[in-house]
Every structure is written in structure tokens, then in C-alpha cells.
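All chains are identified by letter, namely A, B, C and D, in their written order; residue positions are counted from 1 within each chain.
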């Protein structure tokens, strides 16, 4: 038994004394990235370039990029240089045969192509961890925020069994929309401490990076707010139920996501695009089932105390602290606080009573980290530790 | 009987065929501006420079500015030049004896000095229309959003009578905080159509101009949001009740603001500063007392139909249309829509059902126009038409 | 003889007592707009909707928009509503037969299609005033900044005569690139007063609206500068010579643009995109041929005194004042000064000695007004007054 | 003999195989920070908290902060948390007796107090490395950009000797203004390779952080440019001469800065404030004395090859690469490139011919790092290695 502590480049990460047999002593797991030239793909590559367990083997993009060295195919937009482990890899088309040496494939594909490609990769017995929205509503695909519901991986055997033909290794795991992710992490902490939440009103102020590149025109957002993001409110309102809900077994022996039906949860979201580069800020009000509801101080303590299984189990990319609770009245702020835990943790501030529901607070999460590639990555780490990835 | 139609510089303004005896045929009313060099003061001067009834007589500022020509005392920050009617006026200290030729005084003073100065002006029998917060919670001072509750002027005789010594002409009228103003106008339209509102959850995204000049440091707001504005949430939660409530008569014969007590209204506000120059955007959810609540389409129709008395009575600065309801899914936006009705009207969009309360929508109001100086101005116009200003 | 003074909607415009036979007493001239749904096309429509001489007859856009009402085809991005005179016009494809009732056609077409379409319209005997770059370097097409060199219209008979087949009414007139325009207007004033300029070093800070819509991605410009605009430096360095130069007659009797060859002018430009919505700011240093050079004060006076022929002749869209010279040390600023003369005038500030060349100053011009549609419009007005448009 | 390579926290830093007797084996040098709560002071503390040689001993600020723990006195505005080594230090008034245990004092004081305080510290035999402007023009105080002219430390014995009373250990060393610093580093590289530069025209686009906190009002810079920064152009025009010039000995045996008089250098600067948070971008044109001048390719090679003595000597904070030359046409950009070498290196791009002078290019430097605290720090490191600090 050894620990994971030496393996990660960042000193801010976990020491997990009771981690299972360390992945570190094994050869690295070969991984591929789909949509490697896009915004999310670039983030995957940055994160994977220093990962203790994973080694980039293959990069996939559109036919237009295929055949070029990655450094020539990509319009690199990160503040750090292109990692040398990726720069000279020849980009391939997103076909399963081009990724047959990979044990894990991360997908940063756009939704207009992700459905077919990810499906084909799964059918070819590849383990796909996807940031795309296409399979999130599939009744056999788990929608996992790794700091909340990684146990939903338990649906995978059913996903494989019901596939035609049945699969032995291939599967798809999705992670949530960036604005959903930031919100459900503190909600999970609150439900763990105080039982079911009954109502949620959330107003988001979302960063432009959430729309990819080129994404939002500067003429639409300088000195402006756009009070609408297509499909975003529906995602928050639906995904929250799937993530915070459990898995039940029906009479026919099939597992199903219960959509929080043990205690119905009403969610109302209003989404806005704001001139912030990275970091989604959300004003959240909740009403608990429990009467009387917890006090603001009890809520603060529950948030700070929250320790997800991904951390205790030893996922190297899991943030050492999941939620920081700010005491200053004017925090969290995206420009100052989005780098907390390298963007893998969540900031909460202004916990106070709500005159209409019970408690309100402000959440800030880094949409390009825990809101996107980092979640896929921790999901894969968790799956490795649980033996789901073979 | 004549109309007001020729009197106003803007072709977009009202024709009020049944207006009372036109003010236009009379000599102009001499007015003063307190805090004339500040942000709100500059707006008063722009608006007054083309006003059909009012003529700038005196400008007041701090002792540091007193004695200088206005153009030399002011750090002018408007996109139009300093009006020639003001440029060469010698700025005076804010002492009542310097304004004794004025019938009306507009105050754009900062809160740290407004209390004493406005009180002294009232005591000197001057009619003060104030944008400052100091007297808003005074039980004898009306807090008036002119497109909502100008009838609250009826408290003024009591304010004068209870003053020591009693007054015959002096009084103070306040207008609301900029973020309150944008919100209560559509709420007033909804209460008029559908009866009392029971709950209100509002999240604001407020422009930097709301903080005055120099106000918000650029280092605090570029690529950032500040999820806190000192005292702002309390203002919305309190002022809304005073404005939307009525006036009752107590057993002792004294009038009192009822704070919406006929049907208690719970208000929960979350206020954010965003990198927008002008225009406050607010995401609003409401629950009505009435069951079943109105449909989104009924709400839209009620908002469009709303015609405040300030318009029908013939206030020249009242917007011809009070509320525009946008049908496009991504409007209103501050940069594109804040000039509606020269900033005196209110934009509403995205009227839809709320999963937690009944109805939600987005409000955009121009904080430097209807949210500040324009409201004071319409209040004064209304008072003139009602014979309250003598 | 009558004046033009009543004809223009803005009170800030010219009274031209010696104007030729007023256009105002005649029926309006029917005009078309090519590229009507684009950024420049929208500006043309706003300007034309209140124009004293021109009436919008036809609107042209891509096949995708053809057949739709303009209001349905356009993604309107102006701060004023769609003018009612345009809202319901059915958009047509940009084919000459669809514009045969127009006497004048304004083109806001993108460069990738402007060459062919404008050529076809000219061949169909239409008078084309183009904002596109395609014909600017054509040796028979004038490149006209209307406040500088409208006399270059004298090349048009040759353009028509050399066309195959020769034309009687059709021609193309171009106006300059937005960043060139702002710079050459004060330079023309200086050359008029002090003789030839010998060297020019200019660094631009250009607004995002100069790139059209969607144009610059917000991820490229928030908290950022892009120190490069494709082709822009070459445009400034070349166009300046054509505009400030004269027309000479060669031995073969043909007229030719002399590219300032009477006294060679060296131009060095550095172009930057900055996070400003409208208004190009340029830091300019010049060296005069004349020794000793003029003093800063002489330069200021020459700039203020500059009165172009477009104004004295009576073009209704020509700014009443061409150049304003700011005395405050921190002006001009785009946000405060871009509306000078409704964007048709030019701001100059900080006129002072240059340690390397002779004189340096800051220029601010409104790239969406005088830098684009307004220039085309004044060019057309000038052509009407000169009888060039028939 | 050992190397410095293990001592620095960043893997991107220097390996200096021939460094003199390592400082690392000695006890840490105790240092103080003056103006510790200000913007520059906060940067000093971040940098010093992980420094291999220096240990924070004392923190000085205004009387208002004195007596408080640093974490309570400071309004922390960095994206990393307050270093634990500083958080609980009790802030003192800026009096020499409070810093008597320090061997080195870094000053981030505001100019309005820096003159007196720094003078008093020097008189108390403290070694002061100052970022303030007050002593930059003193004929006995070196003005040192550490990657350019650290040899100017040779004036210090004279500074001490002429002090009244003469000093044995106390002195003041200043570093340059942030906009000067970025510019002179590539100029030094060019002069080293190609001999004297004769003329320099530079236009800056400077970040808001250069003005400190609260500094620039958001109302002055959102959607705007301010084409003026008080005193900045004069600083660039004067400081460049002192830094790039040499030290001569007069007839009286006194050393003097020659202000580049061996070959007069004319400098013309135009300074602009732009809405960028960190990173000054400068468009630079130069004319060399040497005819013919170097080609753009020769310039690129000289910039890349530049290796300052601070690097070869082994200053741990000196960037491993001093200048990176970008080949992409649209780089450097502040948001993407300001972190090069942790902000200690300089970015150059767009090296090309100038039509008026010889060569032009774009420089980007990090004003809060090499433009401020980092320069002071390297100056101190250099002084330690040279035995100047005792």
C-alpha cells in the first residue's frame, strides 16, 4: 500500500493514506482526446500533460485537422504553452480504429457530432468520458459530477448489457453542464447534512468561455449582459434532478434514475451571459423539506465539512478542499477566486437567510475546470480506482 | 386648454389632450440643483437644460467648488457637452439663502451630507426633490417612483404640519433607489391587473454608473463580478414595501405608510455589480396571491397596458410608453435597450413560468434616467400639475 | 436660391447660404442598399431613414435573406429601433434588375462578394457608392474621404469612357478604410495650411465594431489587445497617398492618381484592436517638409479652421464643424467623444511637439459614422450637388 | 561551488552552473517591505514568500495600518492567498527603527511619501530597493532595469560618500517606471548587437494595474481609452536615456550618468490607458545610427540571443529566457503572453521594417512583475551576488 501523494505535480492536492493499490506503480494508462483542438479539448490536454496515471496516446479532431501535427492544427488559446507531449502528435479523424490503443477516451466534441462519434467509440468497446450533452438524458448513461454522484457508475453494467450487441468494456459516462456543476456541489453537501431540498431558485452569471471559441461576439457582450443562454435553464432544471437523485430498481429488475422523486425538487433557473472570461457566478436560494430549516451558520459548517468520496478514495485530480466558504461580504469574485484548488474546488459566499425560501448564497465555480474537463478527468480516475476501466 | 405636445424637445413624448391648464403658457419655474457637480447632478442639468417648464437658476456644490463657474468646477462625464445654460453659472455653497429665488430644488447630494442640507432647505420653505437615501425611511416623507405611487404626495400636508415650526411651502420628496425603481414599475402593473403579489425573488446585475464617480475601481470589475453592493439588498426589500403599499389613517388621525400590510409581501434580493456602464438588469420571480395565477401571456398584456397617472396627467418627462415587453428570447440587453424612451421607460423580457414561484421575467431599467434624475424630475412635474409646488 | 437649413433632421447641421439650387424642392432620390442586413448596411438604413434627399427604395442581401421582410431578415444591432421605412421592405438578391428604380446604390457588402456585385451594378448603369475595399486601388475609381478629396470625382468620366462598353450613368465611388479616414482628415487640414507632410507615424487603437458582426470573439478581446489587424496597416499606408495626392494628366491624355508624388510621403502604421465598441483612437506623429515646422498652436488653429468643400457646398450630412481640438490633457476619449457631430466630425487632442518628428497628436473618429456609412452618404450628396448623379 | 537550481520554486528558472558561492547555503537575508499593503507591496510579499535567499522580517505601512496583523490591515487583491509567512506579521509604521533587523528593504511606497521615508531609511544605513519614482532622477542614485544596466550599481560608493554624514551600508537603488522597463530591455539587446539607437517612437497601451488600487475608475475605462497618463511620457523619454546611457567620470573625479550622450538618442512617447488588467503593450519604432540598419531577421536573432548579466551571474529571479520573439502575426497579446517566465521576461512580436524609421515591433511586458516588484527583487539579488549588500 502506498499513497498517491507524490504523484501529482501540485502541492495543493490530496494525501490519501487509505487509497487502494496505487495506480502510480503501474504503467500509465493510454488515453485519447476527441475534439482535441477545441476549447475543452485544449483543457484536457493541459490537464493530461502532467497527469500521474494517464498518458496522451491519440488526438482526434475534424477531417480538416487530421494529418497535421497538433501544434499546427490547433489555434491554441491557453495561457500556458502547448504541452510538449502533445505538440507533435499527428491529429487523427475521430474514428474508433484510430484510438484502438487507448483504454480511455475523453470527449470535448461539439454536440452536433458528439452523438454519433461517442456512440461509435462505445460500440468499439472504448470507455468514453464525455463533456458533451448528447447522452446526458439517456436512461442508461450516468450523468456524474464527480464530487457528488460517482456512485451512479453502477448503471454501467446495465448500459453494457442492453447495448446491441452487448459490450464488455465500452461505455459512456457524461459529466454535467458547467452551470449545473457549480450549483449541485454545494446542494449535495446540504442534502447530505440536512436532508432533501424542496425548492431551488438560481440565477446565473456565466463566463464567455462557457460558449467555446469563437463563441460570444465581443459586440454582444462588451458593456452588456445577455439574459439568455439557449437551453441552459432547461439543463440546470433537469440535470440537477438526475444528479441529486438516486437509482432505483424497477419491477422488471432494471435500474433507473429516480430524478429526486423520493422528495420532488422544484428548480427554477435564470441564465445570463456576462463579460467575465472564466468563472460562473450563481445566486442560489433554497428551501429545505426539514422544518425548521438549518441556520446560515449550520449551512456554512456543512459546506466546509463536505468531503466527497472522490477525495477520500484518492482521485488525484479531486480538490483537497471541495468547498471554501468566504466570510468577506463581497466574495467570491470570479477574477480573484476562480483559481481555488486549481479550479477544481467550489467557492461559496454570502450565506444568509432568504426572505422567501430559507437560505441564499453565492456560488462561484470555474467553468473550464470543474465545470468541464476536470470533471471528466476525475470521473475517469474514480472509474479506474473502482476497477470499472479495464 | 392646450396641450403639452409642443413643449418637449423630444418627438417621442406624450400628447396629453386632457392635461390641466398648461404650465407652458406660464413663466418658467426657477429651480436649483444641489450636488450639481456629481454624477446625478450632471444628469439633472442635462435634463433641465431643455425642460419646458423649469429653468436652472442656481447650482450648489461643496465649498471647494463654490465661486467657480460651473464649467470649471465640474469634471464633466456626459457624452453631450455641458449645456450652455449651466456652463457659466457660478456655483454656490449648498445654503438655503443661496437658493431663495428657486421654487424647486433637486438634490443629487451624497448621503453623507444630504441629510443636513436637505433638512435645512425644507426648513427654509423650499420644495426639495431628492435622489438621496437619507429621508426615504422617514415616516412623513413620501418615497415616490413617479410611474407607480405619486399619490403618496398626499402625505405632504402632514409632513409640513408636523414640522417644527410648521411649514407652508417646504417639503421633501424622495425617489427610490435605482435598483428598486426598475423592479417596482412592472410589479405595480402586475398588482394593478392581478392583485397583490405575495413573494418576490430578485437578482440584480447592476451597472457601474450606479455607484457614482469615481465609484467602482476598474481593478474590481474588469473581467469580474462583485456579488455584493452595500445596503442595496436591504433597500430593495424595504423600499418595495413602502412604494407598493398604501397610506392608511391611524386612530389618532395621522396618515401612515402601510408597507403593503394589506397583504404581506416577502421580498428577497441578491445584488451584483457587473461590468456594464449604464442599465440595471434584474431577474425577477413573483408569486401572486391570486390562485390560479395569471399566465405569462396575461402578464405580458398587463405590462404593455400599464399607463401610470403621470402620463395621463401630462408630465412632460413621463415616458410615452412605460413598459415595453420584448418577444425575442435574448432581450432586453442593457447596451441595446437602455435608451428606450430616453431611458425613462422600462424593458421587460422573457416572461415565462417559474417552477418555484409563479412567473419570472427580466427587467432592464436605465439607472441614470428613470433610476435617478428622471424620477425626481417627473415627481416635480407631477407636484406642479397637482398644485403642490407653489 | 434657397438654403438647405430646413432639410436636415438635426439642429446641429449646416446652414449653407450659397448652396446651389436646393435638392429639397425636388422629389426624393430613390436609393438602394446592398448588404443591407450587415453592420454597415444597418447604419446606411438608419442614416437614410431621415435623409432629406434620399428615400430607401430597395434593399439587397444574400439569397438566404431574399424574400423576407427586412425586419425578419436582419439581426438588428443598433440602439435605435429598425426604421419603419425599412422594416417591411422585402429584401432582394443583389442583382441589378432588382434595383433598376434606384438612382443611387450604397454598398455595405463584404469584400468577398463586393467585387463582382458592384461591378455588375456599375455595368447596369447604376451609381454605386461603396464602403468595400475591392475597387479602392482601381486606377480609375476614386477613393474619396468626403471631407478631404471629393474633387477626385473628376476621374469618373474617364472611368465611364474606359468601361467596356462605355457607360453614361454607371460608376463606382469608394470611400476609405475606417482607420485611414480618421487620420487623413486632420492631415488634409495640415497640408492645406502648411504644405506637404513628409513623414507620418501612426499607431491605431481600433474599436471592435470595425470588424463587423460577429467579428471579434469576446475571448480574444476582453482584458486584451490584439496588436494586428489583417491588411489594415497596408491600407493606411497606401490609401493615405491616394487620398492626399492629386490627379495628374499623363502624356496620353489619361488622368492618373499621383499618390502624393509631388512630395513623397512616407507612412508607417501600427494597428491594434482594443476592447472599445465604437471609435478609433490614433496616435499620430508628423514631419512637415516646411522648415521650420509649424508650432503646436499653429497646428491647433489650422485644424479648427479647416472647412471642407462638402460643408460649404451644402452636403446635408457634412458635419457643421469638421475638427474639434480638445484642450483637456486626457481627451479625446472614445466613449465620451465619438458622438461629436453625430459621429461625422473628427476629434483631435494633445497637440504637442514630437521629439523625433515635428508634431504629434491624438485623433479620434467614429468608425461606424464618418469611418463608414456617413462617408459614402456625403460622397453621394456631393455627387448630387455636382450633378454627377443623374 | 554549487548551483542555484534547486533553490527556486519554479521549474522554469535558471540553472547557473558557474554561479559564485551560492547564497543558498547561508542563512536567509532578513528583508522588510515598505508600503506593504499597497499593490506593489502585495506583489513583493508574494514573490518574497517563496524566495530562496530572502525572508520577510518586517512589514511597513501607514499609521492607520500599524499595529494590525497584516491579514487584517491589507485589502488583498492577488489571485493567490495571502502567504502564511506574512499573514500574521504585525504591520509597523515606516520608521527605520522598526526595520533595524533588516539587511534589505523593498519599497512599494506611493510617491507622496516615498521621498522622505526612503531617505530616512538610507540615512539609517539600510539598503533600499525602491519602486517609487522619487529618487530616479537623483544624480547619485542608480536607475536600474536589472536585465539592462545593473552595472550602474557602481555609483553607490559615491552616493554613500557624498551623503551627509557619509554612509557605509545605506543606499537607495531605484528601478524604472513600468512602461520604460518593457521598452528598454529589447532596446538594450539591439544596442548591444547593432550599436547606438538614434531615434525611438513609442506608443504605449498600458494596463490599469499600473495605476495601483483603486487607481482608474471603471467609468473612465470600460469601453474606453484614456490617451494620457500624467507624467508617463516624460518618464519614458528621460529614464530611457539614463538607463541606456553609461557612467562617465568628470574632471573633478566624480562619476555621472551620461544620459546616452555618446550618441544622442531622441525619444518620443505617447501613452494610453486601456482596459487591460495586467500587461503593457507598446508599439515601438527605432532608427539605428548604423547604416545600413539591421534587417528584421537580424533584429529577431539579436533579441532572442540577448542574455543579461543578471542571468549569467545567477540571480534566482532573473528569467531563464529574457526575450521571446513571437512569429505569429497577432502576438504578443497581454492576456495570453503576460505570464511568460512568470512575468519576468519580455515578449516581442511583429518585427518588421518601418517606413519612416528603420524597424518597428510590438513589446509586451508584465507591468506588475518585471515592470515593478520583480525588478526591485532582481536588483537586490544582483547586489547580494556582487557583495554590495552587506
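Quick note on the criterion: a contact is a pair of C-beta atoms (placed from the backbone, for glycine too) under 8 Å apart; a residue touches a chain by one contact, two chains touch by 3 or more.
Model, not experiment: these values are computed from the prediction.
Fitting chain B to chain C on C-alpha positions gives a rotation angle of 180 degrees, to the nearest 5. Chain pairs A-C and A-D differ in how many C-beta pairs are in contact, and the one with more is A-C. Centre-to-centre separation of chain A and chain D, using mean CA positions: 42 Å. Inter-chain spacing, taken between the CA centroids of chain A and chain B, is 45 Å. Work out the mean CA point of chain A and of chain C, and you get 50 Å between them. Counting partner chains per residue, chain B shows two or more touched chains at residues 77, 220, 222-223, 275, 277, 335-336. Every residue of chain C that touches chain B in the complex is listed here, in rising order: 77-80, 222-223, 277, 335-336, 339. On the side of chain C, the complex with chain A involves touching residues 77, 208-209, 213-223, 275, 277. By the touch criterion stated above, chain D contacts chain C in their complex at residues 199-201, 203, 205, 220, 222-228, 230, 237, 266-268, 270, 272, 274-277, 281, 283, 285, 329-336, 349-350, 354-357, 360, 362.
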